[in-house]
């Protein structure tokens, strides 16, 4: 499904590199590969050991950096972020990495995730005199590190600060003399470690390694703090790992098909979901299978392979719809002007079409695509969703619309099917999802967080836990 | 294959609409759908009956037009173009439609194609006192219309002018009181007629109809001049149609998969080519089939379906590489930094991979992708090309590198295979192409131009015929 | 007075250079110095002997050229233009130099001026088959050169073409092997020749020489065609010079104070006008003299010097109001929001103020400034205009509003004074202007065109002569 | 003298408004009038009582705001800033107003000035756990307010925080329910209060009132905190006023000539300096007086008036040299290419020229202008400076080069004259400056800070006091 068409968005992607004189260049290409995780802001901070240099801006990586500006980001180490923000949360001050300056040395932090005890921690910090300049949870960590006492050692201070955080987080931290990387005890958000020659790299997705020719080494472990200095890499546990619970939406929708999480390739996982769907869908007679580009293609291929129904390009995505595009007016829209997605008439006309999508959020897009296919001549449209019904909000950094907006909340599958005007509707079962992704079945939920489907959150949720988009609204 | 990576480019896409108060808006969306045919310039000319309004610029449709500028393009009729230009041919003066002003009424013209007797016509016109301000063949038509004598009627003047043109052309012409549309006698370049309510629309590809909700009516006929005025549509023959010879590259590479040419869907045609390739390839043992995105996906699906070898996403295209992208330096490139295309390691590692591509031009891209796949772990890479070897230049508007640059010219298939370092290489046969596209087999070459494969040009070629890129070099 | 506030605008500035490897760079700086003559488009064409290279665009010189684009304009010769266009005449196709391509050699032309027989020439050319792509008179010359017969020699062809032109023109023409420069027989528009080391330069104003360190040599003579080739400079007369009639508005308003025309410095001429005004104004009691920045400062200084009334900065121009400025809404304007010009309260409050301006066109600006000064506390505002009343249209390239819009047309000085709500109003006499400028008194009108004041046009005016802004409206 | 040519720059300009539904619009125009105080960043924060909205960016006010963005800044109150930053201090994070978010209400602050105890305060705050995200002293105030205890009342907290600050500061502070304005006890930086109908406005210079039609009420008093809420304006003293010491550079160079400080008009003050210079210069024989545009014009006029030597435009500033301008290469510069300033040959050639400038910093610009005038034919160039020799650094927000770079430090006037190659050089005496500005002579130094001339700083200076540009270097 198309991210722009609905309220399901990743918070960001992070990148870090240590030990290469072209750190900023590699960060630029790395962030480029992560661009699908956030298109509204980008930043890179570098160091050559005596101070931090930073460039940030709104827009795509391409918009923020030019050859000239990259050249000013000298240094052998860098961290960067690409950022998604909700409509209300725009504003350059929320673009990361955030830089915290101090007479005793500066600190830059970028984060992917969401803290469930952020409000609590902020209030407590504010009572101690802290002031916040952004809506971001990233600032909380900086304050906690600053206030962490009882130790002379920065690594210990960071560990102590991390220990108080609850929720989902993948951090990259840059100081004059170290690159630090940390993941929450559940490992809710992806974070991988790689090597580029003698240099260490870290990224939200392994596709950022491929683009720069780096090798994947391993995932950052739940509860682990990795500290990289001129003396090499040091691994700490700031907390015992809880049950691993990587966000299943990464497999379903967010990550690029060429990325791997814990050595499981995303394309492969999605394809297995499609194959599993073929088993679960029962007796479905149809002529063609088509996927909603881009994220549903893999599942559609699997579904086609397993059912024997031919896979076709029934829907085409317009590649040139960008940020400055003039949206058709409502009047034009009603006259049939459509953007972003076009049906392929000859493929669907007179056919019983299986339309595979990765998920349904509000349902408006699904209804629109079903309608589009029917207007293009499809005699039947069978919607097959490669994930279970989304019924619960996410507190871990995925900006799902509130549950009141989720079409599946409080509705039966048949009711949803009627609303989107499909001839049939099939969701993947939770069990089917858990197994198809392919992680170890010995772990609880096969090591995945499926809270948005089941309501079973891997961490405590507080009464004052704030959803990602509520933070932006709080401005 | 990726257009940017090689010297194979379409000259442009054209659009026209008559009889709608939102003519400029519809042109904007229509050109958007045609954007893949040219990304370096765009223009729209409108009229409301008393003069022409024009906005043109370099860059994407998005870059050239904003809401404010579109609003100034009032009128009930419009024509537009998106333009590809070679490196040397950049320059705003070559962006179309060209506007010719006259005390007796103005004229705007946009064209897709290339004239083979342009030099001859230009010299003759210059001797009569004409002067040219662009490198475009479009200007030739304007001069010929102006000089056409012996008739008081503009339609007759245009017919008379068109009659002297040799080569490939699809014209849209706008005057204060008419929209005219013409296609060369061989119908070398695609041009379709459609209806949007009571309004007439015309476009290089039918995908431009879909985006605005218009219905496809028919193709413009070879040798036909269509004149649309307030009195309706009038069809003339300015010349007897020659053998139909639509550019086969439109099916192979240029057109969008959701477009149809003469009621043959591009995706379907490509898929049939893939199926045919499966027959021609013989006994090929392999584990996965992957297509080079985006234009080879359909053929890869067909090949997979016919061979039973699973279709997988083995190569991912980076969607965010734009015009302002900072290209990696040679040094970084050698270190492994790659843009635009990434291999999916888990899909290809340890596998015998069939890599389906639409065509090979210089061979550099093919070699690079083969190498990329092998570095990602593919044990074998079998290259399967859904078209015959490209060995001749195109005089009809496709900017193929000169034959000296075409890797297949003067080389055996085995020699090409060795150069691109593939384990095997199979081209589609000319016969296979002709049949798979699916046009009537009663026509010569099934109604296609396959001159770039066979050297059999459907029109006369003159000793002074100029290739598209030579025109730009002539500046 | 402020150009933006009224309908009095120059058509453009031209520049040319021959014989320097950095021709494009020097053109860039030269056009920069001429930027005040046109802010809406800029272009440079260069040659190194085998073809013309061109870059043009809308906006300031700064906007159109960057370091990268300038570097592509290689060659030892160049011409350029900065262009003013009326609201209707915007459009990249009207930006000059225009380039005319030909199989026998190309031609680029830029022009400052306006032809009075343009419509006649165009109609005649069109009847012979010429077509026009712009509204510019520049195209007429190209067609005439092309059609000029009876000679093998390009210089003769150009001379023959120039001979048929009537009106005001300063041309720069670039071919592969020559730079040509021509001025109309009355020398209505300024054009100067200079030297930069061994290179020849030509420009609308001498300030373009100063910025690049070139020396002024002489003015181009009325009726002269200068041809510069590798063999040196050759001067021809294409026509006998008529009475010299340089546009007096160049002295009054258009030219930069640091420029000279025929060795008369603009600042000095304006100052003398101010001194003359002091004589003509009679017995005027006042406390301070202030000029409307920037063009009236010199006259105000002269007026102050001659009357002994102290010169003060009573009005300040806001330097940062640019093209993208958000204009205050009418509501805000009524609330007192003012842009561009601010009164200096302490200077004018309680004072009898002499406000010196260069001219009055529609009178709206004068009324606004008078009101502004009174609101700032001036007890009396005496308006003193350093030129006679503007009562006639200009056919020679100055875009004065039509006479119906000229406040002084058909009104007495007292009526105008009442309309602008000044306490007194004095215009410079025509005689005073002619003498103060300082040109030879032996020539008719001291060698100046004062038609906009007297109606005495130095050339024939035809019934179909088109005013500059009417050309743009004709689109 | 030209700001861009030397190291003498103001830190910024601030603006605030309370009680108008078009607060953002008025701020936009107000900041526009203050643009000369800082061209490298601009920001506006608004409130309508429930949260703060902010837009900031790098570049001119015009670049940062468009009609669309301004419209999103709803609210009845606003503050804004325009910012100058040194080469090293670029970066969007330093653009003000800074916004500090809190669960109990947010705070935005913008400042003009520099604290002399900033390092000390920062270290102390850091020890208490504060973290800093910018190099700006503005953050210090936010932390102090946050930590201010012993009071429930925000006004008291702000007063308490302000009390600990030492140095020069003019603050505007916006909360959900108040606009606060404060000035340091010496009143070192200008800050004026005005009224626009029923609304209160505040600005660094009164020219910001004129542009929006507001009336000047009075200066903010040294040591005063003004709090404006829906209940009206409340004035507090957070500290006893010390000797008033408004920065004399505001009169000499920074402020616009149409602004007033404490009811003394800048143009008038400068003119009096020029008149005083005429007395001090002794017997100087010369033909023309010219000022270096723009800031020296007033003094030049005064000097001319007092000496009787005619005032002329001997130097012209190029108005179109902007941020994106292509600087001439050193090679071109040596060939004579000059930007920004041109001499008027006819005015200076063969003349003994008095060149009036406001100040001399490094001397490189003065030398360049003297040379330019001599090359243009001036027989003698007498440099007359409307301020005393600059010999000491400024700790109060003026970014004067360090004293080692000041040409006058440790040199006699004759030595400086030789270095700038002038025929004579005269500086205004400190006594002459103090009296000419025209403030009350009963106050110490007539109420001015002249530390950069005398070394007599009005506040304590600490051993660790950081100069403005050192803060940026500390990044």
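Going by the order they are written in, the chains are A, B, C and D; count residues from 1 in each one.
Methods note: a contact is a pair of C-beta atoms (placed from the backbone, for glycine too) under 8 Å apart; a residue touches a chain by one contact, two chains touch by 3 or more.
Predicted, not measured: the structure shown is a model, and the values here were computed from it.
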Which neighbours does chain C have in common with chain D? none
Centre to centre, using CA atoms, which chain is the farthest one from chain A? C
Identified repeat of the A-B interface (over half of residue pairs identical), from C-D, A-D or B-C: C-D
Distance from the mean Cα position of chain D to that of chain B, given in whole angstrom: 59
Chain A to chain D, mean C-alpha position gap in Å, rounds to 46
Show the residues in chain A shared as contacts by 2 or more other chains, in ascending order. none
Chain adjacency by touch: line, ring, star, complete or other shape? ring
Every pair of chains that touch: which are they? A-B, A-D, B-C, C-D
Which residues, counting only chain C, touch chain D once they are in their complex? 22, 25-26, 28-29, 32-33, 35-36, 39, 60-63, 65-67, 70, 196-197, 207, 210-214, 256-258, 260, 264-265, 267-268, 271, 294, 297-298, 301, 305, 310-313, 316, 318-322, 324-326, 328, 332, 335-339, 342-347
Touching residues on chain A, where the partner in the complex is chain D: 51-57, 91-93, 98-104, 106-107, 119, 122-123, 126, 128-135, 142-143, 146-147, 474-475
